[in-house]
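Here come two complexes built around chain A, the first alongside chain B, the second alongside chain C.
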Partner chain A sequence: MNFSDLAKAINHFLFAPKSPLPMALVRICVGLILLQDTLVHLLPDFKFYYGDNAIIPIESTICKYWFNEPYFDIMLLLPPGDTWKFAFFIVFVLAAVCMTFGLFSRTSMIVGFLCLLSFDSHLELNQNDGDVFLRLTAMILCFSNAGDALSLDNVFRARKAKQQPAPSGYVLSAPWAQRWLQLQVAFVYWHAFVCKIAGFSWISGMACYNSSRYEDCMRFPLPIVFDNLFTIHCLSWGTLVIELFLWTLIWFKQFRYWVLLGGIALHLGIEFTMNLPMFEWIVLSTYFAFVEPEDLSKFANIIRSYFSKLHFHLPGKARLPGPQSSLNTRPT
Partner chain B sequence: MIIRIVLLALFFAYVVRAPMDFRTKVLEASIRDNPELRLLRRQSDCERGFLEAVKLPVGDKLRQQAISDLALVRWRQLKFQDAENLYRLALIENKPSKDYDQALLSNMLKLAAVYRDESKFAEARSVYLATLAYDQKFLSKSDTRIGRDLSNLGINYYIEACSKDRVDPASKMKDERTSLMLKAKNYLDQSLKFFGDTPENQQLASIALSNRCLVLRDLGEGEAAKIDKSRANRLDNAEQRLCKLP
Partner chain C sequence: MNSLTKRLNPDRLLQNLVKVVPIVKPMEAGESTGNSSPPAVKPFGKVDKFLVCTLLFSYFFCVFTWVSPEGPCKDALLYFIKPIAEATSICQSWSVFSPETRNSNYHETALIYFQDGSVKLYEFPRMEKLDYLTRFRREKYRKMFCDCMPWAPYTQFQSDFARYVARANTCPFNEPIMVTLVHNWRLMPPADPNHWVNRSNLPEHTNQTPYHVYYVQPEDMR
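So, the complex of A and B:
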């Protein structure tokens, strides 16, 4: 392989038109997680976190966390008063709703990301790694073709196009943002793996014992599993193996779904035992970026045929993205 | 597409830049209210000033000032060795002057105090004696600054005596301690003769009395110590000083 072949391969990897279906699913999941974040986590204690008399005033955040660094916070531009901040919060919620339904997709994704960035900057302490990863994913979505499928925008676009030569299927476009998300996810697992093997507890196989003793983070106890040395070793080393595969074998099609299944098992296991708000769900939702659109369509067909056997018809018809949809490409 | 990205970037830059004045004010206020932050800021200012000043020729006033400023910051940060080195550098680089040099004397007094904080009492004593000689050379015989130097020497002897007590409470050491205490008392007695009844001298007199009270107390002369304490208290009350004798 010479340099020209390599350049072509990279060009194909980043820019060969692809279906927006995987990123659309990521968009919907991120939208739902943003709604959970805003309505479940922030709304009940909004004044406590972001009010004029918040537990950590913005002056303290500036002095202790920001210093002179260029933080982005739209709330600093708002007039004083809780009402303005709450209005801004409503904008955030509306952006999350629009993002989920794919209405004004690009605008809603950008607004959602900027609102999320502002809320995270405004109260640095009120976030975990899940918030950081959510922010990164929301940023990548802004540049993606996620609004071109499973969205109200797409429905309106299709209606408009009825008078024109019929475009069927989804509009294909360069998937570089999807690749960016894939690389980001792989990087997260690479970092997690490298940090784990640098220490002693994961190599010795006792890390899961330790983590299962953080009582303030535990959700449902698993006494047998976490009290047995063999299972603790299996879980600790199994985590290492899955995380290794999630940035190596995941790039090979023949292993990808098995590796993703391992990742799903890992994160659902953590979700069951530990209470880390949003973290597992945002990571799992980015897995859609690794799924081939053809396989997603096949999966949708299987579901439809299952429901049709039950004499329950789902809207839409079975459709495989093939040559017919690849005609409708657009540059991004 | 490019226009949209540019507009978004401009908006992003605006949101970051627009509240900068507010943020600067908040930071300034927090630095004003926080001694640690104030010292940290002073440190960065002084380090920057020092790096600029070392480019100037030896003996330049600005260079001298920058060295002294950084030394003071290091002293406040309890980095005594750094402070000592910087004050010594400032004294070595000082241009000899025919007139009374206040900056030179200030650096000498601070170097002596750094030595004292490092428990290098002999070195501190020699510097205090040098300041005394310098003041006696340039000032009138009744100048209160000579009294200040004598008071400094006295308190240096007193702290040295206390350190002897702490190191070894054996009787032989106690003799050395007593002799140091007596020297301290002698210097403090001499210094008190310089402070008259004028209001500007009352603070110096109060300090010297407080120091002599401690010396007398540790020498076992309780009654005399009480008299000094009451005199010092009277002066403190008249001056409304916040720092009082324990």
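So, the complex of A and C:
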């Protein structure tokens, strides 16, 4: 492979037009998780975290944590008073709602990201890995074509033009932001894997013994599984294997869905046993970026045909291979 | 013959086709649709491509540098990268539960000393003592009081935590004068098959280590 071939491969990987469907699904999930973050986790303790008499005043954060480094925080530009901060919070919630429904998609994604960035910078101490990954995903979404599918914007655009959408359903565009997200997810698993194999407890298969006994993180009880040496070994080594595959084999189409299935099992297992809200769901939602658009369409058609059997009517219609669209469809 | 006619019935065939679930293949650029209108494709110029490649390269260069092992090379690069990484909050590390898992359980308390010599014990929220719903909604308490407050790089905020506790326990004629933050901990029992301790039966945190003493100032209570 010479330089020209490499350039062509990169060009194809980043810029060959693709359907926006996978990123649209990521957008919807991120919007919902942002709503969970704001309404479930932040709203009940808003004054405690961000009020004028917050547990960590912003002056402390600036002089003890930011030092002279630049941090992004729109709340510093607001007039003093909790009311203004709360109004800013409302803007954040509205942006998350618009993002979920795909209304003013690009604007809502940018506003949502900047609000999230501001809240995260304002108080660093209540941020877990879920917040960090949510922020990174929200940033990547701002650059993406996620608003071109499954969005109110798309519906309004089609109505305005008074025409049917393109035969594939959506405007195709360069999927570089989707690739960025894929690389970011792979990076997460690479780093997690590399850090784990540097430790004795993971190699010896005992890591899940300790991690399942963190009292502050426990969620639902799971007897037998974590009270048995054999299963603890299997889970520890299984975690390593799945994390290894999630940044290596995931790039090969023939293994991808099996690897994703392993990732789903891993994260749902953690979600059941450990109380780490958001992290597992935000990671799982980015898995949509790895799913081929045709497989998503196939899945949607299965759902549609299932519901049509039950005499429910879902929006959109299954495309039949026929004289009008024979070249546009590929039956199994 | 009759059954063959039934099978070849066009209506029935069409119904079966619907059940077979046809797949719509998203089109690649330049692919013929067979319809009058080709798929709409957003244009992407060479300058755009160059900018995107630069952005992605810069991003992953910053991120890889951020997580690379400590050393003079990293220090030199961080001098340029840190301001960008912090302004955009792209700093990240995914070393949770690694390289070694934590081998102790703990919770935080504060001892509040009042003017009259009395002492009050305040226990910061303990997730394991909350119900499922509250535990889920208030997870940020865990992050703040368990993961951050006692440990570097957040030790500089311990005075703020102590001040908040003092303010929350103010009395008009008996003000708090001192707050001590205490780390209550216990090592996890070893995974010994002969003396196995189940997940649901972990020991109490009986060891105590005071780690911050804060003398309350009069202006703190205003």
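Going forward, the second predicted complex is superposed on the first by the 312 of 332 C-alpha atoms of A that agree within 3 Å, B and C clash if a C-alpha of one lies under 4 Å from a C-alpha of the other, contacts with A are read in each partner's own complex, and residues count from 1 in each chain.
Keep this in mind: a residue touches a chain if its C-beta (ideal position, glycine included) is under 8 Å from a C-beta of that chain, and two chains touch if they have at least 3 such contacts.
All of these numbers come straight from a predicted model, not from anything done at the bench.
Once the two complexes are laid over each other on the shared chain, residue contacts for A:Ile110 go to chain B alone; chain C is not touched.
Once the two complexes are overlaid on the shared chain, A:Leu76 sits against chain B while remaining clear of chain C.
When the two structures are aligned on the shared chain, A:Lys196 is found in touch with chain C, with no touch to chain B. Legend: residue contacts after superposition of the two complexes on their common chain; A:Ile62 is shown touching chain B, with no touch to chain C. Applying the stated contact rule after C-alpha superposition, one finds that A:Leu172 touches chain C and leaves chain B untouched.
Between chain B and chain C, C touches the greater number of residues of chain A.
By the document's definition of touching, of the two partners only chain C reaches A:Pro17; chain B does not. By the touch criterion stated above, A:Phe187 is placed in contact with chain C alone, chain B being left untouched. Contacts of A:Asn301 after superposition on the shared chain: chain C is touched, whereas chain B is not. Applying the stated touch rule to the two superposed structures, the overlap between the chain B and chain C interfaces on chain A comprises residues 70-72, 332. Listing the residues of chain C that touch chain A in their complex gives 14, 17-29, 32-35, 37, 39-42, 44, 48-49, 52-53, 56, 59-60, 63, 67, 82-83, 86-90, 92-103, 105, 107, 126-128, 132, 135-140, 142-144, 146-149, 154, 156-157, 160-161, 164, 167, 188, 191, 193, 196, 198-200, 202.
For chain A in complex with chain B, the residues that touch the partner chain are 59, 62-63, 66-68, 70-74, 76-77, 110, 332. If you check the complex, the residues on chain A that touch chain C are 10-11, 14-19, 21, 40-42, 44-45, 49, 53, 55-57, 60, 64-65, 69-72, 117, 120-121, 125-129, 132-133, 135-136, 139, 145, 166-174, 176, 180, 183, 187-189, 191-192, 195-196, 198-202, 206-207, 209-223, 226-227, 229, 232, 275-277, 293-294, 297-298, 301-302, 305, 308-309, 318-321, 324-332. Across the complex, chain B meets chain A through its residues 1, 8, 12, 15-16, 18-19, 22-23, 26-27, 29-30.
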